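In the two complexes below, chain A is the common chain; its partner is chain B in one and chain C in the other.
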Partner chain A sequence: MIEFETPSRRALLTAIGKAGGTLALYQAMTALGHAAPTQFSGPPKLAGAKPGASVIILGSGLAGMAAAYEMSKAGYKVTILEYQDRPGGRNYSVRGGDVIKETSGTVQHVRFAPGNYLNPGPWRIPYHHQALLHYCQEFGVALEPFVQINHAGYIHSADAYGGKPQRFAEVSTDFKGHVAELLAKAVNKNALDDTITKEDKDKLLEAMRGWGVLDKNMAYTSNLRTSAQRGFDRPPGGGVNGAPTPSEVAGLTDVLDPRVWQTLGLYLNTTMQTTMFQPVGGIDMIGKAFAKKLAGKIRLNSKVTKIAQDDASVTVDYEDVVTGKKAQAKADFCVCTIPLPILSQIEVQVSNAKQAAINSLPYQSSCKIGLEMKRRFWEQDEQIYGGHSFTTQSISQLSYPSTGFFKPGPAVVLGAYAGGAAAYQFAGMTPEERIETALNQGSVFHKQYREEFSNGVAVAWSRLPWITACASSWTDDLRKTHYQDLVSVDGRVVLAGEHCSYIGAWMEAALLSSIDAISRLHQRAVAA
Partner chain B sequence: MRQAGRWHGRLAIAAGVLSLCGAGAPTLAQSLGDTSSVGPSTARSTTGEQTYRDICQACHMAHAEGGVGAGRVPALAGDPHLSDPDFVLARVLHGQGGMPAFADMLSAEQIAGVTNYVRTHFGNAYTGTITAGDVRRRSTDAASD
Partner chain C sequence: MIEFETPSRRALLTAIGKAGGTLALYQAMTALGHAAPTQFSGPPKLAGAKPGASVIILGSGLAGMAAAYEMSKAGYKVTILEYQDRPGGRNYSVRGGDVIKETSGTVQHVRFAPGNYLNPGPWRIPYHHQALLHYCQEFGVALEPFVQINHAGYIHSADAYGGKPQRFAEVSTDFKGHVAELLAKAVNKNALDDTITKEDKDKLLEAMRGWGVLDKNMAYTSNLRTSAQRGFDRPPGGGVNGAPTPSEVAGLTDVLDPRVWQTLGLYLNTTMQTTMFQPVGGIDMIGKAFAKKLAGKIRLNSKVTKIAQDDASVTVDYEDVVTGKKAQAKADFCVCTIPLPILSQIEVQVSNAKQAAINSLPYQSSCKIGLEMKRRFWEQDEQIYGGHSFTTQSISQLSYPSTGFFKPGPAVVLGAYAGGAAAYQFAGMTPEERIETALNQGSVFHKQYREEFSNGVAVAWSRLPWITACASSWTDDLRKTHYQDLVSVDGRVVLAGEHCSYIGAWMEAALLSSIDAISRLHQRAVAA
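After this line comes the complex of A and B, so read on.
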């Protein structure tokens, strides 16, 4: 269906571009949903709050803290209740000395060297997540580049290249070369004559020759030109032995392994495109910056047990998880950011439709493993500076630190980033088994792995008692039935968080959802 | 006629690509968020017990005792809900709360196997065996609802 729409939309944009110039074209593209990957249009404008109006916010993740920060600025009296003993929610980093408790009672003690960390949840920021970047700038959170695509990283498939990892530059060049050669063959056999004009045929052949680095016979072969993209056996040098020798291109069958095109395709998603950023020192620098602005407004260790509302106010029952003391908090309005696996077990006084939405949305899990290595062998021995290696094994990928390049001493690699079924496979293991599995599988990339390993930590989201899952898992059908009910203002209560967005598990989702929720709640408050 | 055939061909290819990808694949990375870029999304277990160890104990724990934190992870041990096989199948196929939909992560055989396993272990002794055919019927019914 999209195929039918495309020409008319393109024709329209071309016409607009011709008539009104670039700015008009950009505005039109934005209106049509192109070229604006975030909906952020500045912080919310909440003018005219009634004096003394109060809001209770449940959860101190980014959604809750953004709501508290903006509503507080607008003149509301805000209080946050937080279940954990720290603010931040999923905006979370672990460092040496930290303790990770699992629902099973299992405890991990993080033993990383000072300065090293693992971001168990969010860890990278797309350049177009402008709401998040806005707050980072407002709070002075220092950002540095997150190395995303790295042509020196590896791709490993158990079913291709004899199970031997290949550099990204090698497989990406080979994939492109073989596809170009095949397309050129099809064109030259006149197989596409009913589809393209003679003129386009010539242009396409020229493009395939250049883009695919084909030889004069339109074949993808081993030579110095293809090696200039995929790498040489002996790279160009100086002096007597300066002449390079080419590398051998791989055959078509290996190149067609799904892991190859899936990895090439990954970087095409707008959320995966460069430039990406990370906060210097750990992702939780963002949550900490928010929390600093909300000093005295966050009550930690508070487990919400009931949310009730009437015509005049919202009443939240909660329990101090340290002292066991029960208490009640009253406010005019409530912003609830509690993740749904937890909220669905709390008595909430909302419409049946909203309750059904809260009950119906399932969550997915994830597992990240941080492995501290004694030295940066990936940099020192293999010239890999940041970025990722991908595998068909359950660890899914290995990511190298985007910071501290060339430093001597220990550094932490992400030794597993497991989703889908693999997230549960890791969660069911003991932390020691998880790390052992990650070491086993990661050794396929780096023979130094075992010898250089110092210590590790494995965070399985489904075992974290404060959330029991990782992130919401919408389907088109669920959205049709429940999304609007989930995000609607219900009396004096509104929900916010990544689960109330079309973005999914990104920090931008928490912020955009929160800004939208408090803007609507504010309208309701002013109108009341 | 010729035109229509070509569009259908492209749609068929697009559908094929999607079905290959599974839950952790890059085409879905945007809709699911940044919870894992790529990677295997299906389990390889063959018996119900293996599937339980491989997948279910991640949350329900080794002895199906569940757990308590901010919320409760349901115990499956001695759980009267399990007397209804349709209840179990609905949960496994579509998920709820902290539980994901396993329809794309487990095969019909794996779902039947693990459903039978939990209904007859951990202090549960419910009768009635679920077959892979039952699972397929149940997921098709839900899809056409």
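After this line comes the complex of A and C, so read on.
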């Protein structure tokens, strides 16, 4: 969960004015006062590149490939060095036949059935991530809705409902019912007469009655009206026995469990809101689409060991990780998108302030576990089509596929999406232990879990040698000290990636950072 | 909105016992105590039909076709008489080239571009409508998610926010923020100390703080944390100018507008919850799939004029509406799915009680208006992908297509979905006036509305000669007096359709009613 400190508008405008000049200030000012969903205003306009000007780009994640694509279009001669044997960076999917190697030497062989996949990193696209949606359209990446909110999904807390999972519809109806009843009670005791007007008081009572589905005594009780939201014991049907019977509402104490209200609020975070999308066939369809546009420009298996610059050019030392052969690449400019846990281990010729920024930013980890089940029992037995179930256990959530609904045969659930300390707990286990833990914990939702399990894969980001972490983890204090130093153009070098943004671990962050970085580098190049 | 009165469980079980016998009672009892999402438990098992037994089915909507399909599979000789020149009943879509005729003689020619359609009747499938989903799978009807909840959709009330539409994310965040602040204030004044325990009091305050996104003073204020839910003035971005700026929260009075909390609560009604689906290509893919299984069994253009029965058979008089030729059909049994506004005008040989039920049930109307726009400006300019906007105006809502996202070219929005009195107001206008009204009112959301409008179609259900209404409209009192009489097997005749259910205007109602009706008719036939 991202927590922000509120800067004053004036302080912000001053900061923007300093950093970006008059045009940026003007653009920012006109934007204020309008609730704009995105900072994206179209691909960068990089007019007037000097003939023959060259750029070396380090890393072929979305930031690096977007930089390469746009600078190439603008006339720059572009080369990308990529450490891995595939382009895409964190934008990747794993499928049957893939091999996952960890820093410890542990190897996993993915055994999913053809067509099935796990997205270990990014997996969903909020509607306001317009830069990403722009490139998906430009490259013809087919998108399908990602089912984010599913009222049939479960919420489980070890401390509520006797540990028994509840449907999302049940807890959200009960939570608002109790809140409405309590607030109405306080209002009717005149406890808020010093706060609200007489007119608002009447409107508020009416709102609590309607929104909370209170009865004529302004109480939240078990009846067919509350059941029409939380679900019935016997739902309405047809014919002779069509009459419904109500379900029992839960008491106040259970609905006050933090896992309940945290989940209710979760879906209102802008990055969690609907409508969401995902690429048909796996998130790596995006990275692959970028890579297709950059054919011949990406050098794989290239481990960068040094980045140097002088008045005339940038020189990058690298090593072919397959042959061990060392080489140098030279260019007029450099866009470096290497994640900081790796970059901080490389000799880079930049200012002390930028080096301090590179060294100072902590990263968070994550562990995602994909479990292939023999059949879609969550659909067939429990009428759950996509969406999530949440738990207080370390797997944190269980997500159901948003594609291939109703199909027979095996399908992959996301059996764990652990962050924080839990991500490192999972990383400390063998892949088999991680999967065993996910099966154990997930069984709290689905009694079919073990019987239907076929095979699994567990990706612990802190163990992946090409990044050793998941994503940047800024704090407000770190931002004040290091952010502008990290993103500034330093001689002929600029950094880009999700770590150079206020968005964090999202593909959109990589793209918006990249567009900003290359726009400034281009200005520098044209002015040089 | 369906309102239920709560019967006691005991009274209900008694009623079920009387109507359905021991087995039904047992099934109902075992179901109690479990929140089951559906009464559907698989297609009907109609074993042991007598060789040569015949059924005549009146009406080829989903109820009629499901009856024909299942009874045909069970060995009955089946014929359907259908008044219209197409099967499907209310399950239909209109496309370019289609002609819509009204009782007044008014004719509309649909001019949508190829591939575009309007579903004038049913259009979405809740996840728990398992009978319908069963037949979709059995017949291979491709389904895609219907985007029901879209946080980017608008809410407009003439009486709030100065009449300016707000995004759903804005009003839902503000509503819960103010509710949380007020309840926390009351709790901190000890106004609820007689109601809640000390422990719940602490949990409640923590819940209000977290769920309501209150600040350290337990107030709901403008800051980056509330903006992370309701939207920013300037959202977080990448690079130098990546810092976000907060938006201003709305005051209490505006969020108490009924249109706000009614919309927030709407999505929690079981029939409005996610996950929802729609058939790819139009809702009539379902009716067409049924009809394909009934090739040669449906006689179109057949207007039923009389239904008679004696100890041996049922005789149906009908007239070919094209040739005017009169004819009779005879069968052992009859399943009549003709909507009651039509059936009540036909001579039917049934008990006085059933005739009274047929004559007594009022129907509601509805008006849906499809507007074809030259481009998807709601997606391209406003980042709205599917879902709805709601208004206090008579169009009631505006719905965006849940298919063909991001595609260039024309697309159809649902520009009005009017019920109640508004449905009759629209019906009283010419189609051109209806569309003009929809354009006027819809412009409150979208300034591009008139400029991008291409053509439209307005379906006023009360004016459709084959039904003259939209769907049944039971009250609790009418249920007590007439429901069991309406659904009972009367000699050799049984009624089926959404009017014979507790669900009402949903395709699932037609199917569950039909399954129940033919199961009882089959028992009667086997016992005879």
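One rule holds for everything that comes next: the second predicted complex is superposed on the first by the 496 of 528 C-alpha atoms of A that agree within 3 Å, B and C clash if a C-alpha of one lies under 4 Å from a C-alpha of the other, contacts with A are read in each partner's own complex, and residues count from 1 in each chain.
To be clear about the criterion, a residue touches a chain if its C-beta (ideal position, glycine included) is under 8 Å from a C-beta of that chain, and two chains touch if they have at least 3 such contacts.
Quantities reported herein were computed from a predicted structural model and do not represent experimental measurements.
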Please indicate which partner A:300 is in contact with in the superposed arrangement: first for chain B, second for chain C, both, or neither. neither
Taking the superposition on A as described, I'd like to know which of chain B and chain C A:265 touches: first, second, both or neither. both
Examine A:231 and indicate which partner it touches, taking first as chain B and second as chain C; both and neither are also allowed. second
Who does A:487 touch here: chain B (first), chain C (second), both, or neither? second
Touching A:503, do we find chain B (first), chain C (second), both, or neither? both
Contact-wise, after the overlay, does A:218 reach chain B, chain C, both or neither (first, second, both, neither)? neither
Between chain B (first) and chain C (second), which does A:463 come into contact with in this model arrangement: first, second, both, or neither? first
Going by the touch definition up top, name the partner, chain B or chain C, that contacts more of chain A. C
Share the list of chain A residues that count as touching for chain B in one structure and for chain C in the other. 3-4, 258, 262, 265, 268-270, 503, 509
Residues of chain B touching chain A in the complex: 7, 10, 20-27, 29-43, 53-59, 61-62, 67-73, 94-101, 105-106
With touch defined as at the start, can you tell me which chain A residues reach chain B in the complex? 3-4, 83, 103-104, 122-124, 258-259, 262-263, 265-266, 268-272, 303, 338, 340-342, 344-346, 359-360, 362-366, 388, 390, 392-397, 417-428, 460, 462-471, 473-475, 498, 503-506, 509
